[in-house]
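In the two complexes below, chain A is the common chain; its partner is chain B in one and chain C in the other.
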Partner chain A sequence: MTAPARRRIHWRAHTVLLLTLVVMIYPLVWLVGASFKPENQIFTTVSPLPLTFTLANYFSGWTATGTSFSVYLANSVTVSVCVVIGNLISCALAAYAFARLDFALRKMWFGLMLGTLMLPFQATLIPQYTIFYQLNWINTFLPLVVPYFLAYDAFFIFLMVQFIRGIPRELDEAAALDGAGHVRVFLTIIVPLLRPALITTGVLTFIWTFNDFLRQLVYLSDNSRYTVPLGLNSFIDKASGSSYGGMLAMSVVTLVPTVAVFLISQRRLVDGVANTGIK
Partner chain B sequence: MSEKTVAAPAVVPVPPPRRSVRVNKRKRHKHNLAGYGFLAPWLIGVFGFTLIPMVYSLYLSLTKFNLLTAPQWTGLDNYLNLLSDPRYLQAVKVTLIYVVTSVPLKLALALLVAVALNRGLAALGFYRSVFYLPSLLGASVAVSVMWRQIFSQQGLLNEFLSWFGIHGADWIGDPRYAMWTLVLLSGWQFGTPMLIFLAGLKQLPQDLYEAAALDGAGRVRVFFTITLPLLSPMVFFNLVLETINAFQTFTPAFVVSAGTGGPIDSTLLYTLYLYLKGFGSLQMGYASAMAWVLFLVIGAFTAVYFWSARRWVNYAE
Partner chain C sequence: MPDNLSRRGFLGLAAGGVAVSALAGCGFAPPSSSSSSNTSLTFRWWGGDARNKAYQKALQVFTQQTGIAVTTQFSGYDGYFDKLNTEFAGGNPPDIFQMDTALVSTYAAKGVLTDLSKYVPDTIHLDTLYPAVRAAGTVGGKPYGVPSGSGYAPILYDKTVLDQLKITPPADGWTWDDFSTITAEISKALGTGKYGALDSSFDDSGALQPWLRQRGKDLYTASGEVGFGPDELTEWFTYWAGLRKSGAITPPDLLANAGEASGTHPLIAGQIAMTTGWGLAQMQPLTPHTLDIVVVPRGKDGKTGQALSGGVLLCIPAKSRNPDGAAKLIDLFVSNPDAIKDMGIQRGFPPSDKALNLLMPSLGAADKRDVTYGQYVAQQVAKEGLPAAPTAPPGYQDVKTALDAAAKQIAFGKMTIADGVSQFFTTAKTALANAK
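Now for the complex of A and B:
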C-alpha cells in the first residue's frame, strides 16, 4: 500500500468519526447553551450559543422546587461517597477470597456471585422495601447505603477478581514465606497493586449512584432528603411551560459532578471498563 | 472409583491415607477460616439482600399485600390476573419491542465505531473518551430531560427539520413515535460495549489480516469472515449484559412520559409498570409476581444465549 492511499483512508475515517461525534455530543452542547438563554429564546434557536447571555435560569431554578438545590447536591454527594467507600471495602475483601483463597464451597459461592450479576434488581426491590419498611429505614439514606457495605454490587467483585488474578502469585507467596498472614498479604500486597481496579470501581460507583433514580425515588419521600435526580424530577411535575429554563439549568448542574469526575479519571476509567470484557 | 477402593487395601497399609486425609483437613480448615472471614460481608449481603428477599418475594407473589396490613394468601391469582391485565400485556409488548430493537442497534453502533477506531488513528484516546461519555451520563434524569426537549413538538429536532421545510411530528407526544425516541436514547449510549469491542479488536492476531490482504479480500469480507467470528466472545458478553440492562430500563420511560408510560401506554416499559403497581397503587403482591416473571424471562433469555453460544461463539483462540 502506498503512503498517500493510506493517508486518504484515514482522512475519511476521521471525517466520519468526527461527524458522528458532533451529532452525538450536539444535544449536550445545546443543553448547556440553552441553560444560559433567556426563557423566550430556548426553543427558537438551534444554535447552542445564546444571543443574550443570562444566569437567570440558574438563579430561578436553584430554589424553584421549594428546597434549595444545594440540599439535593449535598444529599447526593453524601449517599454517593458512602456507597463508594462501602463498595471499595466489601468488594475488595470478597474478591481477595475468591481470587486467592481456597476454601470449602468456593466454586459454589463464586457461581452464585456470578448468578447475582444477571439478577434484575427489580426482583428484590419489593421484598427489600418491606424489610427496610419494617426496620423504619424508609426516608433515610440507610437503604441506599448499607447494602453496599455488604458487597451488594457483585459487578465490582467480578471486576476485582479478574484484576487480582493478573497479579503474580509469587508476590503473595514470598510474603507468606516471610510469615505474613492473609490480612497482611491483602493489605500490603494486593490492595496497593489493585489500585487501578479500585479507581475504576470508585469512579463508576460514584457516577452510577449519583445518577441512580429508581431506588432513590422509592426510598426517599421527604423533600429535604431528596437527591439531585429527585429534585430534578420534581421540576418535571411542575414544569408546565413556564420554568423550562430553570429545568434545563438544573439539568446542567446535575451533570457537572459526573462529568468532572469523568474528566479527572477518564484514562484509567476507559481502560478499566475496556478490560471487563476480557476473560 | 470402585476399582480403587477394591484395590487399595490389598496394596497400601491403612494408616498413611488416613494421616494424609487428616493433614488435608487441617490445611483446608485454616483456609476455610480465612476464606469465610474475607467473604463474610458478601455472604451476609447475599443472604440478607438477595436470597432471602427472593424467597420472600416468591411468597408475596402468592398473596394480596399492600404493605400496611398482613399479606393474604391468594395462591396463583396474581399470576392468572397478569394474563388478563391489558396494561400488563401492553407493558410486555412494549418491553419486548424495546429489547429486540435497542440491543442490536446499540451493539451494531458499538461494533461499527470500534472497528472504525481500530486502525491506529491519531487521537484515539480522545475519540474513545468522548464516545464513552454518553453511556456514563445516559441513565441520569438530566439526560432524559434533555431528550424530551430534543424530541418535543417545538424541540431541537423539529427546529432543525424546519430548515429543510419539513414539519416534524410531536415525537414524544405521538404514541407511534414515543417508543422510538427511547430506543434512540439507548443507541446513543453505545460507549461501554464499544470499549469492550475495542479491547477485543486489539488482541486479534494480525497475521490473519495480512493473509486476507494477500488473498485480495475486501474490507467487508474481512469483517464478516475474520473480525466478527474472532470477536464473537465479546459479542456474546455484550449481548448478555445489554439484554439484561434493557429489560430493566426505567428512568427514560419515566421521565419522558412524566411517570405515566404514555401517550396511551406506548412507553410503558415493564419496570415502569412494576413501579406504578407496587409503589403507585401499593399492590405489592401483584408487583412481586411481575418481578418473578421478569426474573424468569431474563433467565430464559440468558439460557438461550448460553445454549446457542456453542453454535456461534468462537472460543478456539
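Now for the complex of A and C:
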C-alpha cells in the first residue's frame, strides 16, 4: 500500500469518527447552550448556542424548588460516597471468599449470588420497602446505603472474583508459608493487586448511584433529603407548567461531579475492566 | 479464621462502620416528625415550582388555624405514582395526597381510599363547589376524592399568527362547521408544510368528549361502559377525514410531537395555529407568540358539551394516620378564604364562585384570561344542564390507547373508518371487562 492511499483511508476513518462525534455530542452542546438561553427562547430558536446570553437560569434554578440545590448536591455526594465505601469493602471481602476460600456449597452460593443479578429491581422493590418500613428507615439514607455494606451488588462481586482468580495462587501460598492468615493475605497481597478492579468498582458505583432515580424517589420524601435526580425531577410538571430553563441549568451543574470523577479516573477505569476478563 | 486477626486488619474492616456512624448526623437519622398523632399530617403532591410555593404558603394558614403540623412532600409527576404504589403496597401511604382524576376509580376499586361521605357536609363543605365539578371524585356514588380545582377542554390558538394572516380569531359561539372553514382558511394562508389545526381525532377528553356530550352521549356511562356507539364514532372519524383530505389539519406524522407541552409541539414549532388538549398555563411560557383560548366548537343545538373536570383531586388513603386532620385540610382548599387567595390558580381554576370572587382582583393579565374563560365555561355548563361526566373507569387507559390507535391508523390510511371503528369497540370492551 502506498503512502497517499493509506492517508486517504485515514482521512475517511477520521471523517466518519468526527461525524459520529458530532452526532453524539450535539445533545450535550444543546443542553449547555440552552441553559444560557432566556426561558422563552429555549425551544423556539434553532441555534444550539444562545443568541441572548443569560445566567438567569442558574440563579433561579439554584433555589427554584424551595430547597437550595447545594443541599441536593451534598445529599447525593453523601449517599454516593457511602455506597462507594460500602461496595469497596464488602464486595472485595465477598469476592475473596468466593475466589479463595473453600466452604460448604460454595458453587451453589456463587450461583445464587449471580442469580440476584437477573432479578429486576422492580421485583424486589416492594418487599424491600416493607422491610425498611418495619425498621423505620423510610425517609433516611439508610435504605440506600446499608445494603451496600452487606455485599448487595453482585455485579461488582463477580467482577472482583474474576480479577482475583487471575492473581497467581503462588503469591497467597508464599505468604501463607511465611505465616500469614487469610486476613493478612487479603490485606497485603490481594487488595494491592486488586487496585484496578477497586477503582473500576468505585467509579462505576459513584456514577450509577449519583444518577439513580427510582430507588431514591421511593425512599426519600422530605425535600431537605432529596438527592440531585429528585431535585431535577421537581422542575418538570406537565400539568402546572415546567421550568425548563432552571432544569437545564441544574442538569449542567449535575454533570460536573460525574464527568470530573470519570475524567480523573478514565485511564485506570479502562485498565480495570480490561484486566477482569469482562470484555 | 482463628489465626491472627491483627489489629490493623481489624481496623481496616471496621473503617466502613466508623464511616457510617460518623455520618449518622445528616440524613441518616429517622425524621423527627414520624409520630402517628393527631397533630401532624403528611401531604404529598406533584407540581412545579409555583404550585409548591403557593401550597406551602396556604398550609401555614392551616397550621395556624388547626394546630396541625403539615409535613410537605412534593416532586415532579414522573415516578409519582410508582412511589405511591410502593407505599400503598408497603402499608405506608401519605396521610393525604394529590390524585390524578383519571386514576381515582382504579384506586377506589382496590379499596385503598377513604370514603369521604362521613366528612360531608360537616367538615368538607362540598356544596360550595360547582355541581359539575363535584362529580369528578365520585366513584360508584361515593366521594373518594375532592377536586382541588376545576378544568375544561379549550382550543388553544396562536393569536400572533392569526393576526399576521389577518384572519379573525374564532369567537365563543363557533361551531364545528366554522372550525372546518377557519382551519382551511389558515392552512391556505400559511402555505405548504403548515396547517390550520392539529388532527385531534385521537383526543378523547380534549375533543371527543365535548363532541359526544353535544349529542347527549359521553365517553363513559355511569356504570363504567363505553358511553357511545359505532354511529357516533363513525361520524367523528368521518368529520376529521374530511378535514385531513382538504389539508386543513396536520398529516398524521406530525402527531408524534403532540403529546407533550414542549418546544417540539407543532403549535410551538409553528407548524399549526390551533390545537386541542392544552391550556395557556402550559403552553404560553414556551413561546414569545401571544396565545389565546376559545371554547371547543359547539354542536348543532348550540351546546358546548363541556364537562368540568376536577383538575386534580385530593384523596385520603384508607391507612391515613390522621384522616380527620386530612379532611380538614381538604376543606382548606374548598372554603378557606385566606388559603384560596394564597393558592391562586395553582390548585387548578377556581372550582366555585366563592374562590373566583376572592381571586379575581389579584390576578395578572394571563391568569385573568384563563380564569374568565373558566368562568364562562362554568356558566355554559350550568346553563346547558347536561349530566356531570362520569369518572373514567378502571381500564380507561387502554380505551384511550385504542382510540389513539384507531384514529392514527385511519389517518395514515392503513385502515378504513369502518374497520377502525369496529377495532376500537372490540379492544375497548375487552379492556373494560378485564379491568373489572
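In the analysis below, the second predicted complex is superposed on the first by the 257 of 279 C-alpha atoms of A that agree within 3 Å, B and C clash if a C-alpha of one lies under 4 Å from a C-alpha of the other, contacts with A are read in each partner's own complex, and residues count from 1 in each chain.
By definition in this document, a residue touches a chain if its C-beta (ideal position, glycine included) is under 8 Å from a C-beta of that chain, and two chains touch if they have at least 3 such contacts.
Model, not experiment: these values are computed from the prediction.
Superposition model on chain A: chain B and chain C are shown in a clashing arrangement.
Judged by the touch definition given at the top, the superposed model places A:I126 against both chain B and chain C.
Looking at the shared chain after the overlay, A:F149 reaches both chain B and chain C.
In the superposed model, more residues of chain A are touched by B than by the other of chain B and chain C.
In the superposition on chain A, A:L19 makes contact with neither chain B nor chain C. Applying the stated contact rule after C-alpha superposition, one finds that A:S90 touches each of chain B and chain C. Within the superposed three-chain model, A:L55 lies out of touch with both chain B and chain C [touch as defined at top].
Once the two complexes are laid over each other on the shared chain, residue contacts for A:M113 go to chain B alone; chain C is not touched. Once chain A of one complex is fitted onto chain A of the other, the partner contacts of A:S251 are limited to chain B, with no touch recorded for chain C. Legend: residue contacts after superposition of the two complexes on their common chain; A:I264 is shown touching neither chain B nor chain C. Of the two partner chains placed by superposition, A:V29 touches none, neither chain B nor chain C.
Shared interface residues of chain A (contacting chain B in one complex, chain C in the other): 43-44, 89-90, 93, 125-126, 129-130, 133, 149, 181-182, 213-214, 217-218, 233, 235-237, 244. For chain B in complex with chain A, the touching residues are 28, 31-32, 34-46, 48-50, 52-54, 56-57, 60, 67, 113, 116-117, 119, 121-122, 125, 127-134, 136-137, 139-143, 145-147, 149-150, 154-156, 159-160, 163, 188, 192, 195-200, 203, 233-234, 237-238, 240, 244, 247-248, 250-251, 254-255, 258-259, 271, 274-275, 278-279, 284, 287-288, 291-292, 294-295, 298-299, 302.
Listing the residues of chain A that touch chain C in their complex gives 39-44, 64-66, 75, 78-79, 82, 85-86, 89-90, 93, 125-126, 129-130, 133, 136-142, 145-146, 149, 181-184, 187, 213-214, 217-218, 221-223, 225, 230, 233-244, 246. Remark: chain C residues 1, 3-6, 8-9, 12-13, 15-17, 19-20, 23, 26-31, 34, 42, 44, 46-53, 56, 71-79, 82-83, 86-87, 89-92, 94, 260-264, 268, 281-282, 285-288, 312, 346 touch chain A in the complex. Remark: chain A residues 9-10, 13-14, 16-17, 20-21, 24-25, 27-28, 30-31, 34, 43-46, 89-91, 93-94, 96-98, 101-104, 106, 109, 112-113, 116, 118-131, 133, 147, 149-152, 157, 181-182, 186, 207-208, 210-214, 217-218, 228-229, 232-233, 235-237, 244, 247-248, 251-252, 254-255, 258-259, 262, 266-267, 270, 273-279 touch chain B in the complex.
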